[in-house]
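Shared between the two complexes below is chain A, which has chain B as its partner in the first and chain C in the second.
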Partner chain A sequence: MKLAVISCIHGNYEALNAVLSDIDAQKADQIYCLGDLVGYGPYPNAVVEMIRSLDIPTCQGCWDEDIVEGLNACECSYPSQLAETRGRLAHEWTNSVIHPEVREYLATLPMTLKLDNLCFVHGSPSSQHEYLLPSMDGFAALERVLSADADVLFCGHTHVPYVRDLEDAALSVNVQQPDQTESPKQFQVALRQIVNVGSVGEPRHGRPNATYVLYDTDTAQVTLREVPYDYAKTCLAILEQGLPPIFAWRLARGMEFAERADDPTHVCER
Partner chain B sequence: MASSNITLVAGSPGAGKTTWISQFLTDQSQDLFYLCPGMGRDSVDLVRIGYRFPWVSVIPENQAQTVLAGLPRQAQVYLELGFHLDLASPLLATLPCQRVAVLPPSLNQSEWHDWADEVIPGNDIQDAGRDPLPELWRSPLTGQVFDPPSLDELLIELTGGAYGKVMRLKGIFEMPDGRAFHIDFVQGLPGIEYTELNLPRWLQGRPNRFSGLEVVGHHLEQETISKTLLASCLADDVLAQYQHQYQRLHPDEETKEVFSI
Partner chain C sequence: MTHWAILSGIEGNLAAYEAVLQDMRRQRHPVSDLYVLGDVIGLHGDNDAVIQRLQSPRSSEWVPQVCIGWWEEQCFSLHGLNSSPDAPELMAQFGGDGVKRLWESVSRESVRWLRSLHFGFHELDCLLIHGSTVSYADELTPDTPAIQLCDRLVRADANHLFCGRSGQTFECWVTPTRLRSTVTTLDGVQDPQDQGKTPRRVVGIGSVGRIPGQATYTLYNPESDRLNFRTVNYGKAKGFGATIA
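Right after this comes the complex of A and B.
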């Protein structure tokens, strides 16, 4: 079966349309979505309506959660005062235009989705706000995959796609209990994978093109797709909706609307 | 004054006028003077020269005439002329001086060539010409302290063209750890240069020393730049929190006012 996994659409309807057309052309059997349907971009309602109309299984992203719960993250979410100011503006705008039924739908989204040995999350199995970066410590990365009880963990949130193989993991543990002799234990872990699917609507790889991933469940082949789209239309809509013009400038350069958090491995404590 | 050596230095923005002058300011055995006519009392270059070469007399514009009239014998005087100054102005024409133009090597013909006694090849950048004359936008920021990642982001956007076409940017910015940095960008040269200034850390309230930004370019969105600058500055309570932390980390350092012009 050929899966298409998309994430981080951020109200960018033009990008979503282009990606859905590409998925159609690639003849994918099923689409999964890893959340962040809303936030920053100019078409949050239209994006959610499209995802719902296609009945795409979707996890809740951090921006979706913020629209449901309100902005109550700790200081981890933004790397700078400027990014925080802009993020709050984007949140307030999204919060003001979101339809009640869209908010209700976002509230129903699960944190994780499973399909056999595959797990789908927005940030990590621990939190929608945690970044699984390719540079993350191998042990911590493996722990995240194992905690999801999966062989392949699909995530988004960083907006930069990558595939990371975690192979030949051998763990040695010495267990010392009171009044008992030390007992060594060995664990061998078979190949695990983390697949970051990038971002449909808010890329951060230096080009404005949307990214997503195709996954063949029979061969375990991962294909990173990069899809050009008419980002100028989204930029124009950003200006027309009264969102900060700097969002349009950054989107056109693949710079994302705001930078990644300063300490990306920090898990938000709400 | 006739026995003094006065050098007028002109050239296109970013060609390297200040850098060229700086090589002559290391000689502490001479009476050295530096002026930036047309830049008012405070300018980034004026202040930075003062910090870097404390033995050099940096002369604010309002004192220029008095100082030039009473120069000591054998004084070496450098007047850096901004691109926006009229080279044919009577004041400049009457000065007994050597005229030097620092220009991009690829520029072969210009009014600077006609004006100068000597042309020095400077940075290899594209000369944008003077028609139309670029805008010069200046924002004094004394007392403002920046959130460092916000400042980085703002500078990336500014120099990347988010708020108009920027040909040249220089500034002095205060950081919450009490340090101050000189920041330099020239369109056509790689990256943004950050240089820490050799000043004591300012860890007691808002710094009472010059900081500011100067931008040369076209179609500059001045109001947006101002707003974004302010959005990148720390509020009093946040600054106090940072300073408290750094004071604990550096208990032996004292704040002192070191320079005034």
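Right after this comes the complex of A and C.
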């Protein structure tokens, strides 16, 4: 079976349409979505309605959670006061235009989805806010996959796609307790994978193209897809809706400097 | 020479804390530093008395370095001082009676002092913390999966993680021997990296006040890396015994 996994659409209807067309052309059997349907972009309702109409299994992302529960992340979400101001503007705008039934739908989304040995999350199995960066320590990354009881963990949130093979792991543990004999143990794990599917609507890999992933469950082959679309239309709509112009600037370049979190490994505790 | 006494879980049990202080004074190698890794308060003792004892050590006594534990977080929650109001964890585990007892047994002044405490301490190549960097509630035990212990050590950014949440005394060496990591991006495949690391360990430091009549705590020499798990019988049990690891 060929799966298409998408994430981080962020109200970008143009990008979603282009990606759906590409998925159709690639003849995928099933689509999974890893959340962040809303936020930053100008078409949050249209994006959610499209996902719902196609009955795509979807996890809740951190922006979706904010629309359901209110913006109550700790200050760690923002690297600067400017970024915080822009983030709040985007949240408040989205919150003001979102339809009640869309909000209700976002509230029903699960944190994780499973399909056999595959697990789908927005950030990590621990938190929607955790960034699984490719530079993360290998054993910590392996723990995220194993904690999900999966062989392959699909995630988004960073907006930069990658595949990480974690192979031939070996770990030994020796427990010593008072009045008990030592109990050494060995653990070995052959292969686990983290697949970050990038971002449909707010890419940050250095080009403005939308990104997503194809996965063949029979061969375990992962294909990173990059899809050009008319991002200028979305940029124009961002400006017309009065959203911060920097959102259009970075969408046109597919990059992100100012909003990058200082400590992406920090997990926000609400 | 540096010798640390590391303890947790006084839980309002002043007699247990006094017994531990007495045991510390009896050590052949003098204790140089005292760390208290949370759970100073609890449901069954005199919380304010313990807090006052920690705040005002007698002359020639150690000035304790105290951090926050599970019970302190429940107290903050009751007082609206953290992000989770109404102490749902406390309510789930101890019900309305537990909530009432904790609320009544810690004065406002004590709560203010507790709120000023640290989340944990990085000292030398050690992290001293109640649970782990993941959470004050994270309970590491000898039965915790190896990969999870490894993850907590990586997150701790330390060679030795001292924790008190479980109340158990144990030493668990974790050796992440090897792991090959290969990252593929849109720009191609990067060179594989071996992520093996040197051995590091999680230490459960025991609990001073959880079991009436029997306090456990840990002595640590950072220069030799030696641990000494102490068991102190007090009250009706009397006598002092030690288990050395």
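One rule holds in what follows: the second predicted complex is superposed on the first by the 267 of 270 C-alpha atoms of A that agree within 3 Å, B and C clash if a C-alpha of one lies under 4 Å from a C-alpha of the other, contacts with A are read in each partner's own complex, and residues count from 1 in each chain.
What we mean here is this: a contact is a pair of C-beta atoms (placed from the backbone, for glycine too) under 8 Å apart; a residue touches a chain by one contact, two chains touch by 3 or more.
Keep in mind that what you see is a predicted model, and the values were worked out from it rather than measured.
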Practice prompt. Could you check whether chain B and chain C clash or fit when both are placed on chain A?
Written response: fit
Worksheet, complete the sentence: To the nearest 10 degrees, chain B and chain C lie apart, as seen from the C-alpha centre of chain A, by 90
Worksheet item: Which chain, chain B or chain C, is in touch with more residues of chain A?
Response: C
Worksheet item: Touching A:Gln81 in the superposition: chain B (first), chain C (second), both, neither?
Response: first
Worksheet item: Who does A:Trp249 touch here: chain B (first), chain C (second), both, or neither?
Response: first
Worksheet item: Measuring by CA atoms in the overlay, how small does the chain B-chain C distance get, in Å?
Response: 15
Worksheet, complete the sentence: Residue overlap on chain A between the chain B interface and the chain C interface none
Worksheet item: In their complex, what parts of chain A are in touch with chain C?
Response: 72, 74, 126, 134, 137-143, 146-147, 160-179, 183, 185, 187, 189, 205, 211, 222, 224, 226, 265, 267, 269-270
Response to the item:
The answer for chain B against chain A in the complex is residues 147, 149-150, 152-154, 157, 160, 162, 224, 228, 231-232, 234
Item to complete: Would you mind writing out the residues of chain A in touch with chain B in their complex?
Response: 79-83, 85, 245-246, 249-250, 253, 259, 262
Fill in: Residue ranges of chain C in contact with chain A within the complex
83-84, 134-135, 142, 145-151, 154-155, 168-186, 193, 195, 197, 229, 231, 243, 245
